[in-house]
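First the structure, which I've put down as structure tokens, then a few questions once you've had a look.
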Amino acid sequence: MNTFGNIFRLTSFGESHGRGIGGIIDGCPAGLELNLELIQNDLARRKPGQSKITTQRKEPDQVEFFSGIFEGKTQGTPIAFAVWNKDQHSKDYNDLKDVFRPSHADYTYIKKYGTRDHRGGGRSSARETIARVVAGAIAKQVLAQPGISIRAYVSQVGEVKLQKSYAELDLTKAEENMVRCPDAETAEKMIARIEAASKDRDTVGGVITCVVKGVPAGWGEPVFNKLHADLGFAMLGINAVKGFEYGSGFEGTKWSGSQHNDVFVRTEEGIHTKTNYSGGIQGGISNGEDIYFNVAFKPIATLLKEQHTVDKNNNEITINPKGRHDPCVLPRAVPIVEAMAALVMADHFLLSKLNSV
Amino acid sequence: MNTFGNIFRLTSFGESHGRGIGGIIDGCPAGLELNLELIQNDLARRKPGQSKITTQRKEPDQVEFFSGIFEGKTQGTPIAFAVWNKDQHSKDYNDLKDVFRPSHADYTYIKKYGTRDHRGGGRSSARETIARVVAGAIAKQVLAQPGISIRAYVSQVGEVKLQKSYAELDLTKAEENMVRCPDAETAEKMIARIEAASKDRDTVGGVITCVVKGVPAGWGEPVFNKLHADLGFAMLGINAVKGFEYGSGFEGTKWSGSQHNDVFVRTEEGIHTKTNYSGGIQGGISNGEDIYFNVAFKPIATLLKEQHTVDKNNNEITINPKGRHDPCVLPRAVPIVEAMAALVMADHFLLSKLNSV
Amino acid sequence: MNTFGNIFRLTSFGESHGRGIGGIIDGCPAGLELNLELIQNDLARRKPGQSKITTQRKEPDQVEFFSGIFEGKTQGTPIAFAVWNKDQHSKDYNDLKDVFRPSHADYTYIKKYGTRDHRGGGRSSARETIARVVAGAIAKQVLAQPGISIRAYVSQVGEVKLQKSYAELDLTKAEENMVRCPDAETAEKMIARIEAASKDRDTVGGVITCVVKGVPAGWGEPVFNKLHADLGFAMLGINAVKGFEYGSGFEGTKWSGSQHNDVFVRTEEGIHTKTNYSGGIQGGISNGEDIYFNVAFKPIATLLKEQHTVDKNNNEITINPKGRHDPCVLPRAVPIVEAMAALVMADHFLLSKLNSV
Amino acid sequence: MNTFGNIFRLTSFGESHGRGIGGIIDGCPAGLELNLELIQNDLARRKPGQSKITTQRKEPDQVEFFSGIFEGKTQGTPIAFAVWNKDQHSKDYNDLKDVFRPSHADYTYIKKYGTRDHRGGGRSSARETIARVVAGAIAKQVLAQPGISIRAYVSQVGEVKLQKSYAELDLTKAEENMVRCPDAETAEKMIARIEAASKDRDTVGGVITCVVKGVPAGWGEPVFNKLHADLGFAMLGINAVKGFEYGSGFEGTKWSGSQHNDVFVRTEEGIHTKTNYSGGIQGGISNGEDIYFNVAFKPIATLLKEQHTVDKNNNEITINPKGRHDPCVLPRAVPIVEAMAALVMADHFLLSKLNSV
């Protein structure tokens, strides 16, 4: 159950305070010239300590590849990799050994497995997403060949919401500020909101929007593995995610069909739709328009505030966590959203080769 | 790609105007005494023509089982079944043979497969969900043993929104009105809203809420197959679904962590949480509280209005569809949401037997 | 666990004396013009009553398709089908309800499932292979496009062994006699051997050889899903099979490497090997030479002789089975071996589209 | 395609002369106390240089675990591991860069992938089996709980064949000599046969027999995943394997059914069979008797002799390989056979928990 994907598959391993985080990518086609720098860049976008609004933990997060690449090219064989853990202060967690922290996975892991690695969240730590970012960065390179690009950005932090749609924005600007919102003005407000949370030793949630451009019509499987179902599954598997919507999403539920339908029109570049409330997917299959979706993140559970809870021995206790934590997970989650989207799209790119005789 | 589930698996087949709709359930444990009436009941809740606000097509939708059941009991072998098609007016669709209807799957199927069964939407028809309702009704019976119940209801139609949370409602009342909303007053408004759409030859979307009670702590897989990720995947695979959220969902993104965290408390029935913004799932694993989630449905695309579009031969045309269609898919989708939830929960029930030595 | 294949997948259902035997084929590419007669032909080669050396049960074994085919072409959607049961004498089996017949699956099914459909072997009956023959006949048509042919024949019955290798024989002659051995003289001896067994109310085993021609170099997966491992898995899943070997097989274990190695040579048609002890597969991947392998079948367990055994209630008893049974399963198993080989090869044909960028 | 197993799954990575060989085990139950020494012991039984009849390469083959184990216990999370490569003389292989060695995978890899890591066979090297031995050694510990033991031994080398059946032998004696044959006298002859091959710069094949004891009745899946089909698949995936048979195997094809049937008898320990030609498996499901099977290994292709072949550029050439190679792979393959058997049995042990309600 630690494998993601049907054809392009990632199997992930690792705990927060174990030897490291890594994975095996199976099903990557042979002959792809890999740009390792692009992989490391995405890890840098995910890593802690990159700005004043993220945790100040310092983790170099340098990926090492073990197999599947020879003379710079993928070999069609499994690509194994790891990022070794470095800056882990495992002792910080000794006090929490028997504690069930509110809204964490401590209690549920014990109930499921009867045992758990309590150090830094173990396998439930968001540090596990390193494996996804590495695999996603390779998937992006698979997708670059057919001309597909994936860009995510922060569109909401707490109640601060970006009012413009993705189509009105230059998405490359998202990387120009530390909160990764492509609108400079809104970015300022979001940063202020995060700093307020941080000062208050509290956390804040938000929304990430992701846009996939260049997908031809015909990708996706019609029934269970609808393109958006696979995207939703991928996003809901990211730590702290509480919701997913694509195209018109929850808002569209209020409309009439006559408002919502995307009329087909003839253009010089072939058939297109006048509007795109479908979010580029109809009947589970891409229709050649931009694919876009929103991902809801809750405020993360690790507060540096006093909280009441219960421990393993059924004692009611009070905890007052210490450590170095993110007040808002959104900016660092942008490359994770992109990575998961890339894994899904690479999978469907390969699946699309099997459609017809 | 027409198989759903890991252990308890449904493989579905069938087109709207072909011989029938059916499937094979593999992985159902042996020795389960099946109540066939309960299965037929769920089909009746899904079938067209059940009230004045649904399509007036008459389909008996009687399920026939072919295998895997002997002397009333499951045998551990594959359970195959079909509902044969009866009231199909295939000729109604001849005019639409070459047309790409707006926001339908006509265009994307042709792009994917190079061919399609155009009669009544073929495989993209919501009639395919019959297979899911049958399998889900069996999954419900698997889940009844460990005491799990699943109830869905319509919580929004267009802009008409039920203001109460599930905990304030008697969910059994949802079956007492034709729109399947457990609050009689809101139900009236919803019905009026659907009738207005119908009169206007238009359609309207909405939201279904689903509640799963009785799940013990410890179900779900921590990384990709988080319990809510599997639920989201299941829901997003239903026709016309545009979004999924669980627990606090999109609303919770606006809160602070200190508001959002669910504090653990000791009770006579063991450890519980004071609030349940987590929606019964923490770190992807059930924590013993109620599981609840929302599913967003767009207004369906089949309008009985004149619309502009393009056909297969790249001609701009105007269509004016006839036929018998639902102005709002929500009331009939309630058993589908329950069925998919049941498939996910039965899968995780079986998976939970493998957690530890 | 009733699904076979990775990309081209068959999910099978049905018991010997239930409603019928059938399956769902998922992953068949769209746009393939199906020849239904070829499918029915393979069923006729498998069906009982076809000659004096097979069981005299009469089963028409007419396949009915439910989905996935429109205007004679595959649609890329699931192809569901069934052969309804007709000539079942279920009452013949009432006496055997509680009996554990020697070397049958009666005892093991009860131990596994706690219940079983005892009529005619239920799911353990070789009648289940009907689903495989139908799916295999479609897989053969998928393979016909890249020019691949699959032919199996009986090469041994009891101690009567065909002395010539496949390369010395005209394999089409196998269909000219009732035992399906391409050498007329040996066929005579085999038929006599089967008739002797029949007269003795006994059964006899044997070997089927299968040859796959036209496979280009490069099919197969190098580690676990070696082409021959998938073929072996497929063959060992056929009822009564006890062994599998390819190329030089068990005999080759006695040789030296210098005898066994297949030297590469340049020819006008490209690179080939001088000998083919590798059986057309090296490192798990096809090398462009003929693929050939042997499948060992035990004498089937259903004897019309008195035998001692034990029943469900732990009583020692004597049985004296009646009914209409095959003295030798080999002639009817030839199309089953071909079908399973076709399923494996179609799967690897599709997988081979994913090898490189 | 580099994943083995359904519930207890190994995903393997690594090339002979890359960074190392390793894998991820997913689906191992939590709470198992691991004996690391037993794992290292099996690696020692596989490693080169262990006796005068194996290659003299020195590889320490020390396994390192990265995840999934905490305080000596499995956590239910993925267990990642590697054995780093040490004694690789990659330059030895530069001359072979463009050569298609007879009966190796050089040619087929290029045909499949268009590229290959030529150093020491890359991914096609038997060094990859290290991952299987590690995972198998853990699977053995999973199986030790329900009391299952797995023992393999060499039963044939070239034409030297052990005449006794497994039941007449003390299998623990297999580890007392370097060829791993439990009969001292036959072992001597086998060693002499291997030394003769070695002196002749040639290689020799043979057969490994494997016995699984303690499996209760009821493991295995009845149709495709028959217990012996999964075992056969596992064995045929091992480098150099050409055949598999279980129970009476190819020999049994010559018998009558009345000779072959295993009669059930009542004993103090419950129901058993008088004979065991079924090899402990009936209808694909274990019947509680010993499971035994034979695995055929060809003489390996790497000879230190002059051989003719063709290179990448279609030149006919003569090669005269150097290096340190095994004249006979059998003794070192014994733990690999055991490991693969353990993976299959652990998988079915876990699957058996899902049989009935």
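We call the chains A, B, C and D, going by the order they appear; numbering starts again at 1 in every chain.
The rule we apply is simple: contacts are C-beta pairs under 8 Å (C-beta built on N, C-alpha and C of every residue); 3 or more make two chains touch, one makes a residue touch a chain.
A quick map from chain label to UniProt name: A, B, C, D = Chorismate synthase.
All values reported here derive from a predicted model rather than from experimental measurement.
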item	value
Shortest walk length in steps over touching chains, subunit B (Chorismate synthase) through to subunit D (Chorismate synthase)	1
Contact-richer chain pair (by C-beta pairs counted) among A-C and B-C	B-C
Repeat of the A-B interface, chosen from B-D, A-D or C-D (over half of contact pairs identical by residue number)	C-D
Between subunit C (Chorismate synthase) and subunit D (Chorismate synthase), centroid-to-centroid distance (C-alpha), Å	26
Rounded Å distance, subunit B (Chorismate synthase) centre to subunit C (Chorismate synthase) centre (Cα mean)	40
For subunit A (Chorismate synthase) paired with subunit C (Chorismate synthase), centre-to-centre distance based on mean C-alpha positions, whole Å	46
Of all residues in subunit B (Chorismate synthase), the ones touching two or more other chains	1-3, 12, 27, 30-31, 76-77, 112-115, 123, 222, 355-356
Contact graph of the chains (line, ring, star, complete, other)	complete
Subunit C (Chorismate synthase)-touching residues of subunit A (Chorismate synthase), taken from the complex the two chains share	7, 27, 29-32, 74, 76-77, 142, 145, 222, 350, 353-357
Residues of subunit B (Chorismate synthase) that touch subunit A (Chorismate synthase) when the two form their complex	1-4, 6, 12, 100, 102-105, 107-109, 111-115, 123-124, 128, 156, 158-159, 197, 200, 202-207, 216-226, 228-230, 232-233, 236-237, 242-250, 252-266, 271, 273, 277-279, 281-288, 294, 296-303, 305, 307-310, 314, 316, 351-352, 355-356
Complex interface listing, subunit A (Chorismate synthase) residues touching subunit D (Chorismate synthase)	1-3, 9, 11-15, 18-20, 22-24, 26-27, 30-31, 64-68, 70, 73, 75-80, 82, 112-117, 122-123
